[in-house]
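Single-structure report; data block below.
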Amino acid sequence: MATLHTVNKSPFGASALQSCLNHAKDGDAILMFEDGVYGAAQGTIIADAVAAKSGSLSLYVLKGDADARGIADARLIEGVTPVDYAGFVELAASHDRTNNWL
Amino acid sequence: MEDNIKKFLYVNRKAPYGTIYALEALEVVLIGAAFDQDVSLAFLDDGVFQLVKGQNTDGIGVKNFSPTFRALGDYEVTKFYVEKESLEERGLTADDLQEIMYEDEDDDYAEKPSIRLVNRAEMADMMAEQDVVLSF
Amino acid sequence: MKFGIVVSEGPYTHQASDSAYNFAKAALENGHEVPRVFFYHDGVNVGTRLSIPPQDERNIQKQWSALAGEHNVDLVICIAAAQRRGLLDEKEATRQGKDANNIAEGFRISGLGQLIEMGIQTDRLITFGD
Amino acid sequence: MKFGIVVSEGPYTHQASDSAYNFAKAALENGHEVPRVFFYHDGVNVGTRLSIPPQDERNIQKQWSALAGEHNVDLVICIAAAQRRGLLDEKEATRQGKDANNIAEGFRISGLGQLIEMGIQTDRLITFGD
Amino acid sequence: MATLHTVNKSPFGASALQSCLNHAKDGDAILMFEDGVYGAAQGTIIADAVAAKSGSLSLYVLKGDADARGIADARLIEGVTPVDYAGFVELAASHDRTNNWL
Amino acid sequence: MEDNIKKFLYVNRKAPYGTIYALEALEVVLIGAAFDQDVSLAFLDDGVFQLVKGQNTDGIGVKNFSPTFRALGDYEVTKFYVEKESLEERGLTADDLQEIMYEDEDDDYAEKPSIRLVNRAEMADMMAEQDVVLSF
């Protein structure tokens, strides 16, 4: 009964990612897309908080959005998996519900 | 899951008036009440501000929709989950929220409070039990 | 699997309607169904036929209308949200005494009940917003 | 003192257009001038005559049109932002081959130069947005 | 040559107030309005950061927006002055420019 | 202040693509360049993301407008103030930004960088010197 959480806002401008991390349960997945992809990059002031969850949660980033913002795969936090839209759809299908942190 | 009865959760994370999301979420809840689903409302982050008592919009020319929350009991919308941590961060306690009551038809129509204070972990648990989560 | 999709923000201003389109397209291409997309809040503005984006930009309304035509997707615009924001079909315009309408092909205006119904009848619901 | 005002968000969805209206009204009532208000981004949607807000809500477009009529305020909608979002006057609709227009009384469509000009010619500029 | 800064977003959901506080100069004024009025209330997790600036900056809140959100005058941080729209206009007129933290 | 010459500052605090503000701000800068004012651009908070190099929007069907920044030098828009603290918080250095150059007509058309890294205090000072601040 796991949940796919989606986050589409920059973690530096908005509190959505932090709130999502606070409410996701072990075994859930988080997909970062649109401006949410900035949460998937290494070396930022929130990267440690995200990386700390990579054991208990499955973390994904939408590759098209990361590419658009100049975030190369090599800059992703370890444990964050890039997916395309087909992968996004499959994540939504394989989890019991989506919870969209707008 | 009973046939055709789903657990619907409406998630409110935004403050009222600055944007229309809170008002238009309420419009969905009102319409949704006619569908006989198992409805819950979550108020967390800035969404807790929607329930603060003493709202007076005379000075900004915008309609005060906060009294509508008190009418939801009549539509059998009686589960308002409000997150304690969100209140605390904002300098609020349960006393700062409006009183929202409903009549429990399974208990001789006793008046009961619709607001259920929950901590963050309980909010997460409740969210994880839903079939449909609608976020505003 | 049946997906219900909610679009909560207007075209061009927020990426939400683009992301929702890409998601819907990928779902349909991968054997899923998207019986309905519900446009709420500023999302109703996706359904205007009067937009004229620059030549080198995508035309979001036409993308949706084409997808709906190809795959029989029901594009529903919320009537209450649409009235506030000035998105009308011919019937509503006549009823309200307005001298013009602006809804695009493939979209229809209906009530919020269609959103709840979508939540009941689909297997997964996902909202694209801000 | 001359105030230039920018409105960057659409009506009802964000409070920006209400706040800008209240600010403009207060400025005019207190002896200041508001020669122009410039509507940009989703702010262009304030200028549609097709909106039908509920009876118990304010009508933001009519508030602006009335204020402009009383105090001779130049309500300018950015043409580039308006085209993307489907806000047209009769001339633009004809030029672009569209079968309808939706601009309200008291508003006019013009270029971004009008925003820069407002910045140059007023004493203070203030933006209401999100 | 002082500036009137305006903040219209909740300090809990967005970073605008913090960024404004970081960039306002001594002698400047900050007006909190719309959802920005939550930054003017006592007892919140950001109230200390706001109160700390009340010596070097002039802090204002738009009363109509505070009232709409149920924030009574008594709950305002000490040193925050409520103003109406006429007061807002005069603040804009009496400062050399406005800087709007959107 | 010279007659009819004002100091215009365009403030960019939002990331590109997720919302249109960055693109439509750029459209204002392009039009504004024709007015012979004293123009500066500020990039702080998420606005620094607008200048990151290597943007490729093929996967999302949206136009990549980042190359336009490099053309602004030809319109005599040559002062890009970028805040160091904003870069650092986001794990970025100046090397992650595109190279944006202009030809200095007062210095025999020497090629010079348009980006000026400033710290937070310098950003605040620069903002306080403007006549008109337009925020996006």
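All chains are identified by letter, namely A, B, C, D, E and F, in their written order; residue positions are counted from 1 within each chain.
In the analysis below, a residue touches a chain if its C-beta (ideal position, glycine included) is under 8 Å from a C-beta of that chain, and two chains touch if they have at least 3 such contacts.
This structure is a prediction, so every number in the text was calculated from the model and none was measured.
Fewest steps needed to get from chain B to chain D, stepping only to touching chains, is 1.
Shared contact partners of chain C and chain F, listed by label: A, D. Between B-C and A-F, more C-beta contact pairs join the chains of A-F. Computed from the mean C-alpha positions, the centre of chain B lies at a distance of 43 Å from the centre of chain F. Centroid to centroid, with C-alpha atoms defining each point, chain D and chain E lie 26 Å apart. One inter-chain figure worth recording: chain A and chain D are separated by 38 Å, centre to centre, where each centre is the mean of the chain's CA atoms. Between the CA-based centres of chain D and chain F the separation comes to 27 Å, rounded to the whole angstrom.
Listed for chain F are residues 13, 17-20, 45, 60, 62, 132-133, 135-136, each touching two or more other chains. Those residues of chain D in touch with two or more other chains are numbered 8, 12-13, 15, 19, 22, 41, 57, 80, 125, 127, 129-130. Within chain A, residues 8-9, 12-13, 15, 34-35, 64, 84, 97-98, 100, 102 each touch two or more of the remaining chains.
In this structure, the chains touch in the following pairs: A-B, A-C, A-E, A-F, B-C, B-D, B-E, C-D, C-F, D-E, D-F, E-F. Remark: chain C residues 12-15, 18-19, 21-22, 56-58, 130 touch chain F in the complex. Interface of chain A with chain B (complex): residues 1, 3, 15-16, 19, 22-25, 28, 97-102.
Listed in rising order, the residues of chain C touching chain B in the complex are 6, 8, 40-41, 80-81, 111-113, 115-117, 119-120, 125, 127, 129. Across the complex, chain F meets chain A through its residues 13-19, 45-46, 49, 52-60, 62, 64, 89-91, 96.
Those residues of chain D whose C-beta lies close enough to touch chain E in the complex are 1, 3, 8, 15-16, 19, 22-23, 25-27, 29-30, 32, 123-130.
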